[in-house]
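Order of writing sets the labels: A, B, C and D. Residues in every chain begin at 1.
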Amino acid sequence: MMNVWTLFIPELYCLLMAVVFFGLAMSARPNPRRDYFAALFMAGVGVVVALACVRLEGTLFFEAYRVDLFSQVFKVMLAMGFFLVVCLCTELNGIEERHHPEFYLFLTTCTLAMMMLVSSVELLTIYVALELSSYSLYILVPLRRGHGVDVEAGIKYLMVGACASAVMLFGLSYVFGVTHTTYLVEIIHVLPGVIGTPAAIVGLLLVLCGFFFKLAVFPFHFWAPDVYQGAANQVTAYIATASKVAAVAIIMRVVALSGGSSKYLVDMLVTLSIASMTLGNLVAIVQKDMKRLLAYSSISHAGYVLIGILSMSATGYASAIFYALAYLVMNLCCFLVVVKVSHDGSDLKIAQLAGLHRRAPLLAMALMLAVFGLAGIPPTIGFTGKFLVFAAAMEKGYVALVIIAMINATISLYYYILVVKAAYLMEPDEELPRLPVSIPTKVLTVALVTAMVVFGVAPSYLLEVARAAARMLM
Amino acid sequence: MTVYGAVFYILAGVILIATGLAITRRNLVHSIVYLVISFFGSAMLYYLFGAPLLAALEIIIYAGAIMVLFLFIIMMLRVEPSALRKPTLRQWLPAGVLGLIYVAVAILVVTTDPGSQTILETALARPRVFGRFLFQRYWLSVEIVSFLLLIALVGALYLGKAFVKEGGDQKEDQS
Amino acid sequence: MIVPYSHILMFAGILFAMGIFCAVARRNLIMMLIGVEIMLNAAGLAFVAAALRWQQLEGQVFVLFIFAIAAAEVSVGLALIVYAYRRTGSLDPETYNILRW
Amino acid sequence: MQPILDGLTLSPWEPGLFSLAIYGLMVLGLVSLLLFFASWLGEKKSNPEKLRPYESGIIPTGSARLRYPVPFFLVAIFFLIFDVEAAYIFSWAISYDSLGWAGWLQISFFIFVLLLGLLYIWKKGGLEWGPTSKQD
């Protein structure tokens, strides 16, 4: 009985964190410093806990919950994403001080829910965990200090999300009706027999809709720009990184169900992938707001990740896992700069980056590397990720898809270069003071940059882990 | 056709008509009343399909609490029928086309699937068995749901308090 | 014996389409939320029918969770709508265009 | 795959026709009553003059629908959420004896979270309405 609960330690730890923040939320006096340090400390320990549990294996709760390398790797990524987002909260000016404990509480419950999400292998548990993570985010968005924009973004997010989850639920009812089980393990056995029937395909696609909403893939993408812009910067950082990682994990689990035997599903995924990439890249070009630009870039990146997933091979899944990790690091680095440059918590226009190389050379360098990584330029982790994804697709013979993706990557270079140009070549209208960059921020920036470059040049260790994790899916 | 079949078709007709009326009324209060009918019908279908506990809960939660909350909000915000613009063709058309395509696909899906021709046999989930099944098999989900409701509670309170502060409705909030 | 499973699926499908229609076509935030409720209800009916088809309880358990999700959605959604209404004085989603699509 | 739970499937028992019929009649009666009321209220020919509330000959200012005080709206939301929680507790209660101590622990955690929520809204003043709440 004892070892059953050891398997559950990362989640239990998150639960403990949630309870602590709940206690802090009850206290009468707002104290942002105390909240911040409590969050930082506990999130840091959370990463250690998740790392310590990475080798555990087993099943829990009537086989509804599987702990294996795949889930544990994603849990480490989620814990890291959570920790790094908390690191960005030194000046949490976008949110009223007395609501800081609630902010951390929602972040924690969201992380908890996504940890459960990546471990669940049963439809009901998946659905409920997904909803818990969604609702935490729905409330985080309008938590921003009064702009008027936040409410609008919150409403759009909630409405689109509720529709997507209802669509997904209807798909689940089809899947259950066809396969008479809710366990993914058994669905894998039953589904190949019925995958030819339209009901199974339609059901699976409708189910995927709910996850595509989380990942902001093409038909469900339109919440992303508004929510990215409307939410507080730190919340946006969390939505853009951790929640995307969890979505990638669960999409992989569901797509792996089909066993690669369905032509329709692959065709559909190819279409969606191309649509997301193209749309995201083309619209990103005209954006003026940094967070909106990152939103459209995230839509196009969702397309790239889908390429890895739709290959439906161990290599493909491994490349998608690697890409998710790369995306997490690069995007967090971008948001680090966004948060630090607009330290009063307001939105950041791209033009406001002007002169950054003199105001804060380190941040400018980090931004350049992160943006080059997002564009897929060689010495960074982003290039390695794209390369792996494309290689996996080539292996399966999707040449046209890879060519389109490469053209897209070239288009995306244009607007990424615009950002770098703003930071390095443009001068601000009036002279702005140097940005104060504290020592911990410097350490964090250097660590992120090092990770981007080192794992870009020598990805073999991470790739091994990703491969081992992907094998768990097959 | 058995008597149960007849009951099903009657109920389905009532639900579809009531829902159809509900989504086309311009007066929101009328919509809610039609929806309550629709949910009552759904509760009877749950009963017919052997889920008496769910039938009761559907009435208690959906018809009793959710719809009343909607009514409450509509009255509170004073949404007058005239305040609602009549939807133009431009707005109806895409939704209508979407719905029609969906229905066509659904009918295609259903008619081409050999398994779906199964005639349903009546059966019953006794509430006791249902409760045991829920708490033995799915208790993790139950605990997750408790957290979900907690989050909803905290969020609703936050938004409600913000509402008071924005409007300064009756009392000064501490800040 | 009741009816073929396909008839129930068709009925749930039509109900679901009505929900989509309501959520997309009615330019009113409250009606959009109601549309989602109709969609959830349709999914619940399909689940109970599937449970009956296979004589398995999972489908019915799903419905209980749908109730909880619906309640959470309505409470958060309506609180948000009331909050937004107080700020903008309108329930028409067209007026919410500070953020352009 | 998953452990088989004995007897946890649907029972082979037909829905009781008599109670179903009674229930159906009641609902149909209610439905027709509501339909009748709805059409009766909705289709009446009316003009603004006729619809104006009678206030002893004085032309009313503003709408007759008064805005509810906010805490009531919050209480309605809290009611909905606790209503759902009650549904879960009820599901446990009807089979508490066969669930044993494990079930008791599970529902205890559930109720504990529920109490946390109640404590939170209490502490944050979600349950206070009326003019008396002057403190902090």
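The rule is short, and it goes like this: a residue touches a chain if its C-beta (ideal position, glycine included) is under 8 Å from a C-beta of that chain, and two chains touch if they have at least 3 such contacts.
Keep in mind that this is a model prediction, so the values were computed, not measured.
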item: Best-connected chain pair, where connection means C-beta pairs in contact; value: B-C
item: Centroid spacing, where centroids are CA-atom means, of chain B and chain D in whole angstrom; value: 13
item: For chain C paired with chain D, centre-to-centre distance based on mean C-alpha positions, whole Å; value: 17
item: Computed distance of Cα centres, chain C from chain A, in Å; value: 27
item: Rounded Å distance between chain B and chain C, as computed from the means of their C-alpha atoms; value: 6
item: Sequence positions of chain A contacting 2 or more other chains; value: 25, 62, 64, 124, 128, 131, 135, 138-139, 142, 174, 177, 199
item: Multi-chain contact residues (two or more partners), chain D; value: 2, 8-10, 73-74, 77, 80-81, 83-84, 87-88, 91, 116, 120, 136
item: Where chain B touches two or more other chains at once, by residue number; value: 4, 48, 50, 57, 61, 65-66, 69, 73, 76-77, 106, 109-110, 113, 115-116, 122-123, 125, 129-130, 133-134, 136-139, 141, 145, 147-149, 151-156, 159-160, 162-163, 167
item: Pairwise touch network: line, ring, star, complete, or other; value: complete
item: Parts of chain B lying in touch with chain A, wherever the complex brings them together; value: 105-106, 108-110, 112-116, 136-141, 144-145, 147-148, 151-152, 154-155, 158-159, 162, 175
item: Touching residues (chain side chain B, partner chain D) in the complex; value: 3-4, 7, 14, 18, 25, 27, 30, 33-34, 36-37, 40-41, 43-44, 47-48, 50, 53, 57, 60-61, 64-66, 68-69, 72-73, 75-78, 80, 122-137, 139, 142-143, 145-147, 149-150, 152-154, 156-157, 160-161, 163-164, 167, 169-171, 174
item: Of all residues in chain D, those that touch chain C in their complex; value: 8-10, 73-74, 77, 80-81, 83-84, 87-88, 91
item: Chain D partner contacts - residues on chain A that touch it in the complex; value: 22, 25-26, 28, 62-64, 183, 185-186
item: Footprint of chain B on chain D - complex, ascending; value: 2, 5, 7-15, 17, 20, 23-24, 27-28, 30-31, 34-35, 37-38, 41-42, 63, 65, 67-74, 76-81, 83-85, 87-88, 91-95, 98-99, 103, 106-107, 109-110, 113-114, 116-117, 120-121, 124-126, 131, 133, 136
